[in-house]
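Naming follows writing order (A, B, C and D), and every chain is counted from residue 1.
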Amino acid sequence: MTVRVGIIGATGYTGVELVRILSRHPGVELVGLTSRSYAGMPLWEVYPHLYKYNAMTCRQLDLPDLLDAAEVVFVALPHGHAMPVALETARRGKKLIDLGADFRLKDYRVYEEWYQVSHTARELLGKAVYGLPELNRDKIKGAGLVANPGCYPTSVILALAPLLKHGMIDPGSIIIDAKSGASGAGRGLSLGAHFCEVNENFKAYKVAAHRHTPEIEQELGRLAGKDLTVSFTPHLLPVTRGILSTVYAGLNACLKSEAIREVFLDYYRDEFFVRVLPEGVLPQIKWVAGTNHCDLGITVDARTGRVIVISAVDNIVKGASGQAVQNLNIVCGLPEETALDGPGLYP
Amino acid sequence: MTVRVGIIGATGYTGVELVRILSRHPGVELVGLTSRSYAGMPLWEVYPHLYKYNAMTCRQLDLPDLLDAAEVVFVALPHGHAMPVALETARRGKKLIDLGADFRLKDYRVYEEWYQVSHTARELLGKAVYGLPELNRDKIKGAGLVANPGCYPTSVILALAPLLKHGMIDPGSIIIDAKSGASGAGRGLSLGAHFCEVNENFKAYKVAAHRHTPEIEQELGRLAGKDLTVSFTPHLLPVTRGILSTVYAGLNACLKSEAIREVFLDYYRDEFFVRVLPEGVLPQIKWVAGTNHCDLGITVDARTGRVIVISAVDNIVKGASGQAVQNLNIVCGLPEETALDGPGLYP
Amino acid sequence: MTVRVGIIGATGYTGVELVRILSRHPGVELVGLTSRSYAGMPLWEVYPHLYKYNAMTCRQLDLPDLLDAAEVVFVALPHGHAMPVALETARRGKKLIDLGADFRLKDYRVYEEWYQVSHTARELLGKAVYGLPELNRDKIKGAGLVANPGCYPTSVILALAPLLKHGMIDPGSIIIDAKSGASGAGRGLSLGAHFCEVNENFKAYKVAAHRHTPEIEQELGRLAGKDLTVSFTPHLLPVTRGILSTVYAGLNACLKSEAIREVFLDYYRDEFFVRVLPEGVLPQIKWVAGTNHCDLGITVDARTGRVIVISAVDNIVKGASGQAVQNLNIVCGLPEETALDGPGLYP
Amino acid sequence: MTVRVGIIGATGYTGVELVRILSRHPGVELVGLTSRSYAGMPLWEVYPHLYKYNAMTCRQLDLPDLLDAAEVVFVALPHGHAMPVALETARRGKKLIDLGADFRLKDYRVYEEWYQVSHTARELLGKAVYGLPELNRDKIKGAGLVANPGCYPTSVILALAPLLKHGMIDPGSIIIDAKSGASGAGRGLSLGAHFCEVNENFKAYKVAAHRHTPEIEQELGRLAGKDLTVSFTPHLLPVTRGILSTVYAGLNACLKSEAIREVFLDYYRDEFFVRVLPEGVLPQIKWVAGTNHCDLGITVDARTGRVIVISAVDNIVKGASGQAVQNLNIVCGLPEETALDGPGLYP
């Protein structure tokens, strides 16, 4: 038995990563790939690394047609484009996993304020499940609409969940200094993605203004049981893949690293994709590149009373397409690690 | 049924790549990992990207012990170290795949001249098979000792085999301009491998003096049916993985790219790992990184009467550990692509 | 006494490099910067690294206006745009240094064939001087129109001039394998310049079809005293700055590296910017990055009877803007090294 | 009139950077270069980018000899090595600028605790001046012993000085997330500096344990007028040069970015090397690479009541050798910008 799957937006970096991951998935049959820019072209001509692996041709999106063929649809488009697709998918009783932001924020007003777009599918917000399996697995199981988390939020929420859940930190003290590889900005052309401007360079951007902030605050607030605000500063790394988030928080009690690590180990006891690293080992993005893992390293700074949690993910895998396939597996009742296991490349 | 396999030199870059590839191999059981530098340490502590994937501890080499446990042994050590291992392995009737240079050159005098080491296992040279499956598959099947090709020679021989086999080029005109990522030099410390000296830099090295030259000449000569010399210039790329070789040769007749491509397509008709790219598409190392593919692009320069073949491999996979596993699969009668299929990461 | 200078196209990478170099030039006063994309904007807002160094505002090109103010004009635009400027500049008796290709090729038919543009200033071709000072210094002195060489040709011609001048190599045997950093493609947006497509990647492009080929052949032919063709293969390096060309040629006589190096040392005896490296030392692009030097390394491959000359330049400095300032200094009778001396950054 | 200068440790990255900068200094004569590893070798053979720029030969350190020849000595050695040199230099009445840590911390016990070395020149600690010219210019003028600041502290102290001086932030709330290029670790060989381990990677290191912490706290405490502790987390960037520090602090009052920027502009009014960037412009390391500038960008996060100051320096220039030359200029009464002006390379 295989699940018939369609990908809307197959030629962006997250779309083609879905194709790569699913090419190893024994339970999935790809039935449609859409692309606005490359309609009519075989996918492997757009991405020759797929030569001999995928023989499909990209098509313009014809939603009724795609929903006839597919049971589950991934939407790998910029925010704003998933709302009409979701409405139609819901009407047909098919399932949708949205890699964009349209259904992540529960409050449409927050969405409209940060994304500067009207929300045209508000009635679905209540049904959408925030697709972070380590926190919401049970809800994802029956979901018709999964809002796949943002890359930064994935790295941050997993870093803080045990601490907030156990009330170990001051929710008002959270500072997140995050660094992402350039693939996070997608394949679109811009001066900010030009090789000569990124290479041998490093900068912060959208300081105190990045759209992942309300998503982080919503989910951390849920864990804390009350509203909170965070400082969130994204930076651009001169690498292709990977996010490393360095998260600071004031401890409510004087605790040692070992004690906190125990809490993490317990919290993520059954989670294959979360790796709590041993004392003295700190995450490196190369250790998770190409994988669906989130590596966590914990340090207590006794001098300042703060805990520093460092979290590494591959922004396109656990931060996007890998997590989306993890959600697919859960939604379809398949083993959660299907197509997602195997260590990354090193060096 | 599984094959019991040992790896001698498991903590170098090619050794750990064997572990990575074999971790996805359903027909292989790892029974021993040796390391001089890290004996007594769990492999995942040396390479944390393997955390949750490999729980074995590195040991000092105890050859009799290892050969008791293993049916096939990989040697992933610098040249000079495989000779004693091969003698003992042969004595025991076990199989050995050597990733180093000790058994690649048929004439021990050539080996001794270029490598400046005495050959102490000359009696095995006649039995060793040069492990380039696309050329020598039948011989590899029954081999007890496989000499896994060098990374540069793999990229070069596959680029020229069809042309030499069909007598289409002047064997005296061959010029090979090759560029390799820094992992080719291994994990050993040296100023030449220091980040600040490699990054944003590019240079040629060992011009007209690289040890892969006689290996290339031996195999190309065999294809041409006569001795030949080549100009071979390696360069160091500021990337981790990948070799791109640009190979020039004078054409014996005025031919178009299309005609030559047909010859290549025919020659590699049944070869999954060799991808002859369509007209106008030229190989890029990123398209093969992390895979066992060799991508080939062919251009004829009508103005000069030369053909330019460009060849890309991942130096650690098709140029080393992947090809070694391909040889293992052949030697053991397993499907040749086992653990080696799946597209690479892009971007 | 200062020279009044204007720059047409000041916000491309070669334009802004002219500004950088001239900011250290005691004999130059910048009187106008033009930019189509950033007219009305202070240059330092476009390039904040110039903050506190340049307070000028970019303007739309008003040629009569600029020629009223400037004695010498640099044109740092894509090919095709310098022809009308040159006609007007000549009419006014002002001097022009063109960093593009419009006046490099003596035969307008060759230009039109390779560049696919009509040449609308043919009458100036006879007056234009090919601005490679090491070969044409005397002609540049009195020139009103200097055609600044291409980046690849600069590296190649300097590598071969002594050999061709002395008839030491077979002119029909020349093969040039060249590798350039990404800044060579300029600041324009394209998928080929996207960070994620260039980083950790390497490829050849325009094989046997690059526009610098006829320029190289013209100048090498002049040195050889007869027409010749070359194989020229450019590649894209994942670095920002630098070109390394590896040049192969068949020797007419059996010579040692030392003898050839002597010829080079003698030929470039008085040339500050050309550094003939000692035996066994091979150029690295990092050694010339940010400087106007061309470093040359010579190796003889006795086995094949070929000489391999390796040449390194910074594509934006000696390959473009630095050489243009060198030409300015010559044209204006200033010391040739003004604003161009000082070692590069290392590491 | 020229100052006679010696460099102890001329072949490390900061030593050779001193040579590079001083090669453009009209008021300095180099009289001695010492190197333990390369004694007897011309410096340009160790660093061929200096070919034609420096003809000196490295020597073993002979301190009396060097102090006979030199008026000022730079020490560019690891911590622990400057103490005996400083004692002898003081005895002779010569001047010393130490690029290491031996004289940065006023309290020898703090030094001994963090550096795990006995302080053998405690009597000089009172005379040593912390060589951050923007804060201590007047003291540096007459100093015989200048302790050149660490690279991280330079970037951090300049980012916070105006805020602490004016009591605008809570001194207990300071969190510093800093990222450095790999040259910061020097030229010594280690796995952590191996190209394949740094490239395409990113990690934090020495979290809550880096030796620059007490130096930062000492100087910030002096500015605040009271003791304070900070959280300081260094990270390793896959670039050669540059530090970017992202500094968070709680504001004592509800202020706008503009108001705070005014305070910075006023504080650094006369400082050529500090560039306070305009509203909305954030520092990038490429804008300062190769220069002695420290670029500062200020953002207020009104939602959290924090100010985020981002600071960029070149770790080898303003973070080491450039600042050391700035101190030399001050000590010798030369114009402070001598040999240090000129914009950096871009791209």
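One rule holds in what follows: contacts are C-beta pairs under 8 Å (C-beta built on N, C-alpha and C of every residue); 3 or more make two chains touch, one makes a residue touch a chain.
Keep in mind that this is a model prediction, so the values were computed, not measured.
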Message = Looking only at C-beta pairs that count as contacts, which pair of chains has more of them, A-C or C-D?
response = C-D
Query = For chain B superposed on chain C via Cα atoms, how large is the rotation, as a multiple of 5°?
reply = 180
Ask   = Of the other chains, whose C-alpha centre is the longest way from the centre of chain B?
value = D
Inquiry  = Measuring centre to centre with CA averages, how many angstrom lie between chain B and chain C?
reply    = 39
Request  = Starting from the mean Cα coordinates of chain A and chain C, work out the distance between those two points in Å.
outcome  = 46
Query = If you average the CA atoms of chain C and of chain D, how many Å lie between those two points?
reply = 37
Request  = Please set out, as single numbers or ranges, the residues of chain B touching at least two other chains.
outcome  = 13, 183, 187, 196-197, 199-200, 238-241, 284, 286, 289, 347
Request  = Specify the contact topology among the chains shown, as one of line, ring, star, complete or other.
outcome  = complete
Key: Footprint of chain D on chain B - complex, ascending   = 13, 182-183, 187, 189-191, 193-200, 238-240
Ask   = Across the complex, what residues on chain A touch chain B?
value = 13, 16, 20, 23-24, 47-54, 183, 187, 199-200, 240-241, 272, 275, 277, 281, 284, 286-291, 295, 342-347
Request  = Spell out the part of chain D that touches chain A in their complex, as residue ranges.
outcome  = 175, 177, 179, 196-197, 199-205, 207-208, 229-231, 233, 235, 237-242, 244, 246, 248, 282-286, 289, 297, 299-304, 306, 308, 310, 347
